[in-house]
Amino acid sequence: MTHKIAILGASGYTGAELLRLIATHPSFEVAALAANSKAGMEMADVFPHLRHLDLPTLVTWEEIDWNGIDLCFCALPHKTSQEVIRELPRHLKIVDLSADFRLRDPEAYALWYGNPHAAVEMQGEAVYGLTEFYREKIRAARLVAGTGCNAATGQFALRPLIERGVIGLGDIILDLKCGVSGAGRSLKENLLHAELSEGTNAYGVGGTHRHLGEFDQEFTELAGREVRVQFTPHLLPMNRGILATAYVSGEAEAIHAAFAEAYADEPFLEVLPFGQTPSTHHVRGSNFCHIGVVGDRIAGRAIVVAALDNLTKGSSGQAVQNANLMLGEDETAGLMLAPCFP
Amino acid sequence: MTHKIAILGASGYTGAELLRLIATHPSFEVAALAANSKAGMEMADVFPHLRHLDLPTLVTWEEIDWNGIDLCFCALPHKTSQEVIRELPRHLKIVDLSADFRLRDPEAYALWYGNPHAAVEMQGEAVYGLTEFYREKIRAARLVAGTGCNAATGQFALRPLIERGVIGLGDIILDLKCGVSGAGRSLKENLLHAELSEGTNAYGVGGTHRHLGEFDQEFTELAGREVRVQFTPHLLPMNRGILATAYVSGEAEAIHAAFAEAYADEPFLEVLPFGQTPSTHHVRGSNFCHIGVVGDRIAGRAIVVAALDNLTKGSSGQAVQNANLMLGEDETAGLMLAPCFP
Amino acid sequence: MTHKIAILGASGYTGAELLRLIATHPSFEVAALAANSKAGMEMADVFPHLRHLDLPTLVTWEEIDWNGIDLCFCALPHKTSQEVIRELPRHLKIVDLSADFRLRDPEAYALWYGNPHAAVEMQGEAVYGLTEFYREKIRAARLVAGTGCNAATGQFALRPLIERGVIGLGDIILDLKCGVSGAGRSLKENLLHAELSEGTNAYGVGGTHRHLGEFDQEFTELAGREVRVQFTPHLLPMNRGILATAYVSGEAEAIHAAFAEAYADEPFLEVLPFGQTPSTHHVRGSNFCHIGVVGDRIAGRAIVVAALDNLTKGSSGQAVQNANLMLGEDETAGLMLAPCFP
Amino acid sequence: MTHKIAILGASGYTGAELLRLIATHPSFEVAALAANSKAGMEMADVFPHLRHLDLPTLVTWEEIDWNGIDLCFCALPHKTSQEVIRELPRHLKIVDLSADFRLRDPEAYALWYGNPHAAVEMQGEAVYGLTEFYREKIRAARLVAGTGCNAATGQFALRPLIERGVIGLGDIILDLKCGVSGAGRSLKENLLHAELSEGTNAYGVGGTHRHLGEFDQEFTELAGREVRVQFTPHLLPMNRGILATAYVSGEAEAIHAAFAEAYADEPFLEVLPFGQTPSTHHVRGSNFCHIGVVGDRIAGRAIVVAALDNLTKGSSGQAVQNANLMLGEDETAGLMLAPCFP
């Protein structure tokens, strides 16, 4: 059965990645594409790599006829997203890729994002889109909030450990290395090739990055008590990929066993043999997440490393995975593309 | 119907790329993988990006039981390939990705490769694997010789023009910009990241690059008279992609019309609107080739630019495309992956 | 003797490169730095890599007290430059890094730049800044016009050949591969790391790039008859460097001899042994230009390859070299930094 | 006064970097260059970026006439270095860039390097080459042991804090991001551009990296009690640069004050304003180290970030700095090159 799909914000990187994945999806049909700033343009001009596809002309989202459309991916900027989504018809299933519905608590939202939420009533309805941990709720949801790409990586590296109580909760440190596409198509000096290539720096240092709101919400709920992690992202000269290095207290073998158990049946989460760690090279362009565990020379300390592609498993791949569940399709449909290496 | 496939030389880049493509191919099943230097290893250790696939353990090619295997991709080094292929059973269809069967003339082979051919009797049998121009012969072939990746790019940029007589034959210049994966997984100083990143140089300057043997063979046959082009490849700090810039004499609009006509029904060859030129960014990881034509300010001079991914359309994608034809499958099976951008 | 220097447009890449070179210059002292959009800022905030230097606070150019300043580098955008320079005091020596005074003919200027020149009277006064070929005029000049970085590379690869009559003038083709810093610090989608990294494309195809105005002016004057070359620049995923591949008709050995003779005493122009070609890796961050010559397999055809760093020899290094001459200093002062490899 | 210099191991990256720095050094003269595997070659062929320099032909180290040579930089591989150095004449001052004399304790050496030391008698004599902390000893030394590049970065980020007691000693975590030139010119698959570009991975995870031997030795001596840090290096797709992110317990402002005090008079150590963190982009190709401090949202936790160029401040620049001291020259001679950005 074919499902008709709309994408709002189709001229950004997550929009393009959705289209790349849908291009070989067996049952999704792109019925409408919106990008208000580029309405009227053909996708072949906005993203020439998609020129072989027969895609609708870009329109404004207000122009879309929603009759017959089953699901809408909303890849709009933060804040815009909530304003648009509250106007969409109720029959529509929605996967939002922005940050707008990730935090369940309006106060937490206001704290991290600096403005009151414009669709508080929908915040409660939204299901957090970390598929492997919210699968049944997502299946039944009308509105799913895609997670932050860093937040997804950190949670894949830590949730089973918190849940199973195999690590200490007071001294978790997450050091992330992030590709630049996570910053989107925004025109900033530090994202220019000339300024980013061949070097690296930390950003959002000290606990100011917004994805901490998700860690706080999820880890606290999971642990049943307040959990605050230290989290420092770094911008790397690469387009795709996040590598999360987590420093935790706990027995490395118990940690590895926790992952092996938790992820045994997961189609996209690959636990490496004990002592091996992953590389973002080996997940590029795919929906897979590789996870490795090593014990430190200091007894009782371990390192967990997780790698995924921020545009795929960290964003648009996750979104398609959730859409598959919401529409009753095989969860892996359109997502089994092998990583692109070298 | 499922076809059983073997790959010889599975531990190189073209081997990995074959497996990436076959991973989502609807009717190819990998029955055997050989890599003599790494026999006994699991593919998950050789290429961790393929660890989610259920692949056979690497063996030596001599260990393969050929019963029931329909087609063999031979991704071995030049010279080794001819020695192995002549030993393979006659029932087997073979797509060779090496240079060994590209040149039909044993003397031309010896000239460009520096040694007499070890399987001269099979040289005549082999069909040149440039799918779009040898489609019917490939369909009927037992042995298909994959083209050089530079040779493919240059021919996509020139064949319809030579065939239709819309350009001069005496002053064709091909300036190629090539990604480093074309050099394979060989350990050479100039291929190290530290030496290649952030810079570029020409190589094989002056008409010494072996792919010239293919240009000479094909263009001369096509034109019915000797054609010799000037060809200079350049190594670029990128992993995938070839951009061919062809400088020709002729009317740009007639040249564009020749492409439009020649490639009208081709699923993988995209002719851009007149005056636009392609980017390797927009074909990365895909089997597409984008072609553009611009007229120069100097009357009667035109520039043709073609872009493809050397590992896909230039090598393993072409090989799968040919295998599809040889096995009676849809030519595009497994090959409609959209390019990976950004 | 110390010379007091001002830089206008100090917040761009060529401004930063001037400061990098002046940092170890024995006799230049930075007296004033202007950047109207960032006036009031410290250089350590605009360019943190210069924070160890004791530099003046940025001001607007109108605020500069020109008394006591000997020479002004003008690294402003095209068009702005001519408007500012005509207002500067007459005692000041000026090295302009923009395109505004490169073309001597007001009509040629209007043709290539699309607007009438705002300081026509100064166009005649300006000396073209290709040091090695205008040395004596530069020594005596008040206003020197820095050349285009592509124009410099192409001229180093061709001037001695045209001058000595060792190549044909009717079929010269220049294929350039350019690093992205040549585009400056401008915020454009195609200059983002995510869009530029790992791929390449041609631009300004067909004879529309403005540096052609310089080729036309210089080669025509040199040859004593109209010369029009074909010129196609390509954008490469690297920050610094231009590689010019010139396809010419002529005897390769005579061509090599012409370079050897012409550049025998040049401190920055290195002619490689016959048959070798250069790499941009080997000139990065330096004021050197490497040049190589190879004969093609087609008799009477040769390839010349030249490599330089667009920000140094192609722009700010050239500017310092010219300033040295204008101020009576050793031409190489501050410019003998070795290339930065790897 | 001119000092005659020899370099052993001149065909590797640290050898090349020494020559780049010495090229503009006011009083060092290169008298001999050895590289046993490339003896007989000219440096212009080994490192074409140095072709403008008038350098001696490569010889074997046994061929060098040591009369008149004042100082020898030894850039040989680990283990080879100790075997060669013990054979050198006693009049010679030596700066060793290998790991061979970094650890003072023969047992610690054997533990980390897996073999007994071949010149134990010289281990005691060698001075640890972290200039800013061993300045007076270095001035008087005959043999100085260059530090590990990671070890230097980590120590710049932590020594003043341990010394002044402003951080806890039991929970120090060092997460390093390293450019690939630190691995030297060795031919390994994972160092190829095709495998390293556009991705990242951890290595030496769990406390196995040899530079930990230096941290243990130095921090333990400094603290007067055993200190063991957690240290995980990551390989990044960049050629130069190390970014060390240190997670410590302590008051951020006290930490910043400790740096400000400790590094107030250091010519190469730049402490950023409180709350700012550095980038490797801004130290590339230079001898500077930038250091920043940020307080975490978790009270009593802070993040220190240090950035330097592994080939310069982390290795060859440090070596020249030490040689300057040993030869009675200005410590900064030849080292004030500004970073190369972009």
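Every chain is named by a letter (A, B, C and D) in the order it is written, and numbering of its residues begins at 1.
Keep this in mind: a residue touches a chain if its C-beta (ideal position, glycine included) is under 8 Å from a C-beta of that chain, and two chains touch if they have at least 3 such contacts.
If you're wondering where the values come from, they're calculated on a predicted model, not measured in any experiment.
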Most remote chain relative to subunit D, going by C-alpha centroids?
B
What whole-Å value do you get for the distance between subunit A and subunit B if each is reduced to the mean of its CA atoms?
36
Length of the line joining the C-alpha centres of subunit B and subunit D, rounded to whole Å
45
Where the CA atoms of subunit B average out and where those of subunit C average out, how many Å apart are those spots?
39
Sequence positions of subunit C contacting 2 or more other chains:
13, 181, 194, 196-198, 237-240, 278-279, 281-282, 284, 342
Does the chain-touch network form a line, ring, star, complete graph or other?
complete
Residue numbers on subunit C that touch subunit A, as the complex places them:
13, 180-181, 185, 187-189, 191-194, 196-198, 237-239
Under the touch definition given earlier, write down the residues of subunit C that touch subunit B in their complex.
171, 173, 175, 177, 179, 194-203, 205-208, 212, 228, 230, 232, 234, 236-241, 243, 245, 247, 275, 277-282, 284, 294-298, 301, 303, 305, 307, 342
Going by the contact rule set out above, which residues of subunit A touch subunit B in the complex?
13, 16, 19-20, 23-24, 47-53, 181, 197-198, 239-240, 267-268, 270, 278-279, 281-286, 288, 290, 311, 336-342
